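I'd like to ask you about the structure that follows.
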Amino acid sequence: MRELLEAVAAGECSPAEAEAKLNGYVTEEAGRFDAARDTRRGIPEAILAEGKTPEQVASLATTALETTGRALVTRLEDTHFAALEERLEETVPDAAVDRRGATLLATAADHDRPALEATVAIVTAGTVDGPVADEAALICVDAGLAVDRIDDVGVAALTRLIDQVERLRAADVAIVAAGREGALPTVVAGLIDTPVIGVPVSSGYGHGGDGEAALAGMLQSCTVLSVVNVDAGFVAGAQATLIARAIDGARTSGS
Amino acid sequence: MRELLEAVAAGECSPAEAEAKLNGYVTEEAGRFDAARDTRRGIPEAILAEGKTPEQVASLATTALETTGRALVTRLEDTHFAALEERLEETVPDAAVDRRGATLLATAADHDRPALEATVAIVTAGTVDGPVADEAALICVDAGLAVDRIDDVGVAALTRLIDQVERLRAADVAIVAAGREGALPTVVAGLIDTPVIGVPVSSGYGHGGDGEAALAGMLQSCTVLSVVNVDAGFVAGAQATLIARAIDGARTSGS
Amino acid sequence: MRELLEAVAAGECSPAEAEAKLNGYVTEEAGRFDAARDTRRGIPEAILAEGKTPEQVASLATTALETTGRALVTRLEDTHFAALEERLEETVPDAAVDRRGATLLATAADHDRPALEATVAIVTAGTVDGPVADEAALICVDAGLAVDRIDDVGVAALTRLIDQVERLRAADVAIVAAGREGALPTVVAGLIDTPVIGVPVSSGYGHGGDGEAALAGMLQSCTVLSVVNVDAGFVAGAQATLIARAIDGARTSGS
Amino acid sequence: MRELLEAVAAGECSPAEAEAKLNGYVTEEAGRFDAARDTRRGIPEAILAEGKTPEQVASLATTALETTGRALVTRLEDTHFAALEERLEETVPDAAVDRRGATLLATAADHDRPALEATVAIVTAGTVDGPVADEAALICVDAGLAVDRIDDVGVAALTRLIDQVERLRAADVAIVAAGREGALPTVVAGLIDTPVIGVPVSSGYGHGGDGEAALAGMLQSCTVLSVVNVDAGFVAGAQATLIARAIDGARTSGS
Amino acid sequence: MRELLEAVAAGECSPAEAEAKLNGYVTEEAGRFDAARDTRRGIPEAILAEGKTPEQVASLATTALETTGRALVTRLEDTHFAALEERLEETVPDAAVDRRGATLLATAADHDRPALEATVAIVTAGTVDGPVADEAALICVDAGLAVDRIDDVGVAALTRLIDQVERLRAADVAIVAAGREGALPTVVAGLIDTPVIGVPVSSGYGHGGDGEAALAGMLQSCTVLSVVNVDAGFVAGAQATLIARAIDGARTSGS
Amino acid sequence: MRELLEAVAAGECSPAEAEAKLNGYVTEEAGRFDAARDTRRGIPEAILAEGKTPEQVASLATTALETTGRALVTRLEDTHFAALEERLEETVPDAAVDRRGATLLATAADHDRPALEATVAIVTAGTVDGPVADEAALICVDAGLAVDRIDDVGVAALTRLIDQVERLRAADVAIVAAGREGALPTVVAGLIDTPVIGVPVSSGYGHGGDGEAALAGMLQSCTVLSVVNVDAGFVAGAQATLIARAIDGARTSGS
Amino acid sequence: MRELLEAVAAGECSPAEAEAKLNGYVTEEAGRFDAARDTRRGIPEAILAEGKTPEQVASLATTALETTGRALVTRLEDTHFAALEERLEETVPDAAVDRRGATLLATAADHDRPALEATVAIVTAGTVDGPVADEAALICVDAGLAVDRIDDVGVAALTRLIDQVERLRAADVAIVAAGREGALPTVVAGLIDTPVIGVPVSSGYGHGGDGEAALAGMLQSCTVLSVVNVDAGFVAGAQATLIARAIDGARTSGS
Amino acid sequence: MRELLEAVAAGECSPAEAEAKLNGYVTEEAGRFDAARDTRRGIPEAILAEGKTPEQVASLATTALETTGRALVTRLEDTHFAALEERLEETVPDAAVDRRGATLLATAADHDRPALEATVAIVTAGTVDGPVADEAALICVDAGLAVDRIDDVGVAALTRLIDQVERLRAADVAIVAAGREGALPTVVAGLIDTPVIGVPVSSGYGHGGDGEAALAGMLQSCTVLSVVNVDAGFVAGAQATLIARAIDGARTSGS
């Protein structure tokens, strides 16, 4: 610990980094960022932008970048993005930023992303499922997985889906996002023998709208699925990462 | 009317038949049977056995037979069946009885069933959907439609379903019964261009059980479906009958 | 296929049209338009404006017009309409535009609309049900059906409804839209012997508001109805079209 | 009070009667009977048999008879009835017993029932609504109102209802019981200008079953209705009694 | 009828008035106003401003004024009010306007309001219940009833309520509006023997908020209440009017 | 530990008691009894009989008695009671048994119950709330609190409640159990300044039945209440015990 | 009373203060402020800003300050705050203002806050729970309790929580606020033997969002908890105050 | 195919086995058994006993044994078990039967169970979660996985759980079953970095009972979890099997 404090004194290590190393988390006005989650759980803490001010998001993301080498922000709007972009330019100008829909992954130039031997298929039924799939995808990208994205294969036109069976079978784990009646994960899981994680999407109006029909349908599925909450792309991506990483671990340590 | 009353006096017409002809309904201790519904709506009134005593069911069914030539009983249990059988033996011994699951269709020997040029496909996802499909089927049979029953083609094993596409396409209208996630009507409606009526079935436990997930899913379907209530085989069958009869009418009156 | 590609090369066929003919769908930045749905299902794919940007809607509608001869847009707002109008002026200036409430049907000048021998009655309980009925009506119009619109015949004033029984009976199929307690489809279905499709409308506040009471009431109806989801005018219109087209087919092919 | 206690001492007044007069309620092992409710509210307390043992019901009913001259028991089963009958034979053998369905009204021979100049119409949609209407009717009978019962006039066959409009208009207040979609009170209230109280009935299965669709529909009614809970015949009858009694009071005190 | 048309020709009667007298309703672009409802039901049709444009509301209200002598508008916002005020100034400048919260009653100068011998107590638990009570009050005022408004007597401070028992007992019927737990109608109904109509109010947040706890509590009340939907002040006022008018009728016709 | 094991060897301590002292819990075929909960939390673990066989209940209760000096069993039926009684006779014949409704407290003869200087008022609205109040009461009795039970003071008859205000004010904490609309805790909390814990009771039928209206109403209360789940008498009693014990601790340690 | 009126006449006492002393409440255009609640219940009435105009809030808060020496405003927004600040500057310029999130406590300079010997621990799972905890905290502060705030100890990182067990044990009562799955109060209550009050927080999206999962989970807790409604920080703080004050009372009056 | 038919002719292969090999499924009166599911999906089809007669279960299980070498029956009762036992004795007397709670795994003597290098931890919060965990465990056993069962580590006593962290970390995947508030999977997932599958259990009464609180809580979890439906032990076990098998595959094929 002495060493660390000396590094802080010498300006080689920011106080936030030091706090993260000592405590496992960093406290700021904007809240507390759990830098140790990555070590503890294998998944970095995501920063949920929804309900936070642009400044809070910018501040937490910068802390994340400084202490863990990357920052994952979900459910962000343009105002969050603007504030974050500006802050990064000031503090971590060489960070790489990958924004997809409402999700953003910023990576420090010197961050050493692992390269895993494992693939996640991320499948959507229609256009409206895209942002949820994006959220899932960036978590997997950050973890070093290969992501194979298969879009617009909803069950109303089965042939589109059947055309993709080989790609689906080639993946180690599949995330399937679908709204409205949410039948796609069931149909996919009937075609392949890898684990499938269903993500209900909050599309649809009227009875069973907001993803409730899709969630209930996935929980009732007559095939084998596990499920995450409505729109919970992050959780699906993180769970797929844990599975794929275990497979990668087995692959690379096998003999 | 004079004629009718003379027929009653002469014993050629039972008082119940006469009441039905005059009033359109017959009042008994067991309730009131709406004999005119057939004329008004093209669909005979069904007798819902659930919540009635065996004697009430037997009595209402006998009245139906005497006044309309047939009796359709739904949701009946063995005790209802026994009472009904016994009563029929006494009063209408030559009636033909067709019981499927919890549904029963009794037809008087001299009843002149129409023969329509129209076919209804009745499709089930699994064994548990059988009784609901039976309820739908007997209404169609009574109306003189051809019924093509296609069972056990749930979406977890798509190839079974795809094998039956030709039969599905050959029908004029399709009833598709499915429980749990209720995805089958959506998938069927994506494959054919005839009207599809979805019937949610009250299978499944946990969240979305009792047919609620299936109902919500069918209402949210990304294809074109109309839907009836959970387990409402009678309504599905009757709606299919109205559609098929209109097609038959057009066929036979076309030039 | 050679022929097609030569037509593209010659500028006689847009790449989108060619993609639609070859693949059955067209991929654009704004999403994928399913041009083959019309062939597969007899119902063109509708473009749901809700949740899309004005540019996405304009782009998808233009593609639809170019590949299928017409474009059906539902749940559009004025900003969508403005963008679409402007785009059409640039690209398909001779398209005819029929906007009713939040629904729009654009038809290319050279589109050959079929003329079917079949009528759909579209019935509303009150003013608030109008936009849902409009959505249903335009689908039927596009399909070439005759539409008989009967408005403001809610059950609180029965005589208004009873005055219209003859028109109701003259139609081949009826769509009945009603909010609040949603009793109108039940009462209509008790008066006629053609198929009735109930559409719950999201009017009403308090318990059972947002169309939930109307939906539950239609599912519980003591007559014969099939039902679509709350505000799902498109689905009701499309289902009515499938039924009416089958009747027309029988009529014109009968002998 | 001295007088009362002397009457007890002399055996002219039972201790229960005395307690009722002094306290307004009587405490027994089976619970506490609120004899003063009649005075306070104009409606005697009903004894809900459901969830009580036959002995408790018999005991409470006997107390009610002794202290208020009558006993109203709701939701009773045959075992309750048997115990009550036996107890009455022992203790109040000359009581008159009027049992309708699951409701029972016992009246002491010397009870002086009022005769009010007011009529309540009690209307049902179908057979299944009978017991709830019975519960409402007996409260009104006990209060001395004229009850006009109009049965089996559900909205699926409007002409039956329209035949009864004159009787409906002749009543001072109407109770309308209906299950499933519960549309009858709305249609009745559209035809008359007396107050209508809707009672949803717990019939129907599937979505909106157990009276929930009927309740929501009555609350959403586009006419003027007030509503009581599902199957709450007692409350409807008691509310109608309060209204009719006020009308009677005005009638008899008018000048 | 001749007479009427001559009056129109002579400009003594507007075409709208004539249509109202002949048809019972008036059709305008803004919808159809049911002028005959007053005759049929004893309650004029209210114009629900919510979901209508200011112009539609102004137009329907003017029609109502011209054909029935008054206009009742509910759930109006300031923009509706402004448009309505302006229109009235142009067309019916001598109309009297009584606006309370979101409800407005306009009365033509020559409208002959009845004066009934009957009083309605309108009771609120707290400030938030005021607008719903206002809605109920104006219907009663329009009908010619005396309204006794008793505010801020919620159950958290029982003594305030108990102080008002005499006023409550003096009324012919009571409307009690309460949000959150909605206990006030139950407590009031335990204190008086006149009919009580409970109106749940959409206050409260969290579980049971939006008036759902209040509605459920009133339906479960252990006293005698009838209930209208959440915030349905109009329905409560109209039902109270029907009751009070019947009492008035009995009073004035008694002998 | 040596000492303990020698006591076991000497037969002075049962193996179960020794396991409880060492591990804090005792494992049996019937499950694991958490003997240390008492120490950890100040509240002994209750044995929920529902869903267990009579033998399991008897076995767990005997273990509880042997290791903690008493056994608290909730939601037991007569078969559980019979098995328990028989087992106790064999193994702990001198235990004192206090059964109230579905709750039972058995106490070993040598158990040293504390005597606390604190009183809990336990209040019910009606007879049906009794068993839930019993469950709460026995926990308090076991903890050595004085229990003041105030029954049948529901809000439909306020004077009964107002008569008891002095007793309510004298208690240190109040538990108020009420079903149906659940208004009693709100009214009680408006009258006193000690903490009130509301317990919804699963009485009532129709909408809001099974205690849901009461729960929602208590959560929405316009006074200050905390709440436990429907029928959770044990939790209410335990929470009251924790509060009362803290007050007793302050009292006896004050200076 | 004479004395009071003379004080008013002399300008020593504002009319509002006098009204509060005489009636227990003060009536203003903005509503009625219940100044006597403090005396009656030991908890001052809070002013719920939500749904009120800035002027109404400013007016009610000033009245509260003048009559009870402090004003507690909950759920206020910046516009409310601005109006209140301005008004206070004019009327009570020396009031101390403590704003935390959406809650504000203003205290008159001469207000004599009690100093109680009792501590409340207020615990949050994460940043999003802060405002609800703030609401609870200010009530306790106002009552003179010591508040120990323990933040960001959610169950996903147990060690953070376990580090705080000593502080938790030192408090007399604990309020635990948590959203999403709401597990924190259960885990806290398993670690300490003081009363725990759970406050569900309306965070989380998808199924069980808006605090519903947290509420249900706390009600189902396998430890001993009492619960308040979602986001009801005020109620939790007030209940904790009642408990802590009773403990303080026992402490200071013990001997 | 010729070969197969000759084997049938020679009696070396039962017709059922032959049908299974040719069609992938076997049709019997009791329903259709999907023998090919194992090949297609890597998970054998389970036979859900609930809702089937003992004879149907016995028949389907025998077919499963004959065609796939084992039979997995879920949700069976004693009557199912008796019928099955008897049938097996007659037809497959050397089958090994492993019954745990309501789940049964029968294995033919010559069945070659795989031995995978992968471990599943199956964790329960309390006794009541046992049967659901049993259902999950037998699927894993059948698949050849090592199962490490960790029972009774609910969150009310954290130390029990913390004692087991090493075992939890040693597994490749964890299934965590919990009822009531369902917090255990969240706490477990916060402690380890392997994938966790949460299974809500239908324990608990009152609001959120029947597993609904547990399900909602797991979906809202602030850690990374995927979830299956309430009581869906089979699905959890099957999903864990797919994950563990992929890890095993990677292990054994790695180099």
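The first chain written gets the first letter, and so on, giving A, B, C, D, E, F, G and H; residue counts start at 1 in each chain.
Heads up, the rule we're going with is that contacts are C-beta pairs under 8 Å (C-beta built on N, C-alpha and C of every residue); 3 or more make two chains touch, one makes a residue touch a chain.
Keep in mind the model is a prediction, meaning the values are calculated, not measured.
S.K.: Touching both subunit B and subunit D: give me those chains, sorted by label.
M.R.: C
S.K.: Between E-G and C-D, flag the pair that has more C-beta pairs in contact.
M.R.: Counting C-beta pairs in contact, C-D comes out ahead.
S.K.: What's the chain with its C-alpha centre farthest out from subunit A?
M.R.: Farthest by centroid: D.
S.K.: Based only on mean CA positions, could you tell me how far subunit D sits from subunit H in angstrom?
M.R.: Each chain reduced to its C-alpha mean, subunit D and subunit H end up 54 Å apart.
S.K.: Taking each chain's centre as its mean C-alpha position, how far apart are subunit A and subunit G in Å?
M.R.: The mean C-alpha positions of subunit A and subunit G differ by 38 Å.
S.K.: Counting only residues that touch at least 2 other chains, which ones in subunit A make the list?
M.R.: Answer for subunit A, listing residues that touch two or more other chains: 40, 126, 156-157, 189-190, 206-208, 212, 215, 219-221, 223, 229, 232.
S.K.: Hey, which chains are touching each other here?
M.R.: A-B, A-C, A-G, A-H, B-C, B-D, B-H, C-D, C-E, D-E, D-F, E-F, E-G, F-G, F-H, G-H
S.K.: Using the touch definition from the top, list the residues of subunit D that touch subunit E in their complex.
M.R.: Those in contact with subunit E are residues 40-43, 172-173, 189-195, 197, 215, 219-221, 223-229, 232, 235-236, 238-239, 242-243, 246-248, 250-255.
S.K.: Considering only the defined contacts, which subunit G positions touch subunit A in the complex?
M.R.: 126-128, 151-152, 156-157, 160, 203, 205-208
S.K.: Okay, in this complex, where on subunit D does subunit F touch?
M.R.: 24-25, 30-32, 34, 36-37, 40, 50-51, 200, 202, 211-212, 215, 229-232
S.K.: Any idea which subunit B residues touch subunit A in the complex?
M.R.: Subunit B residues touching subunit A: 125-126, 154-158, 162, 180-183, 186-187, 189-191, 204, 206-209, 212-223.
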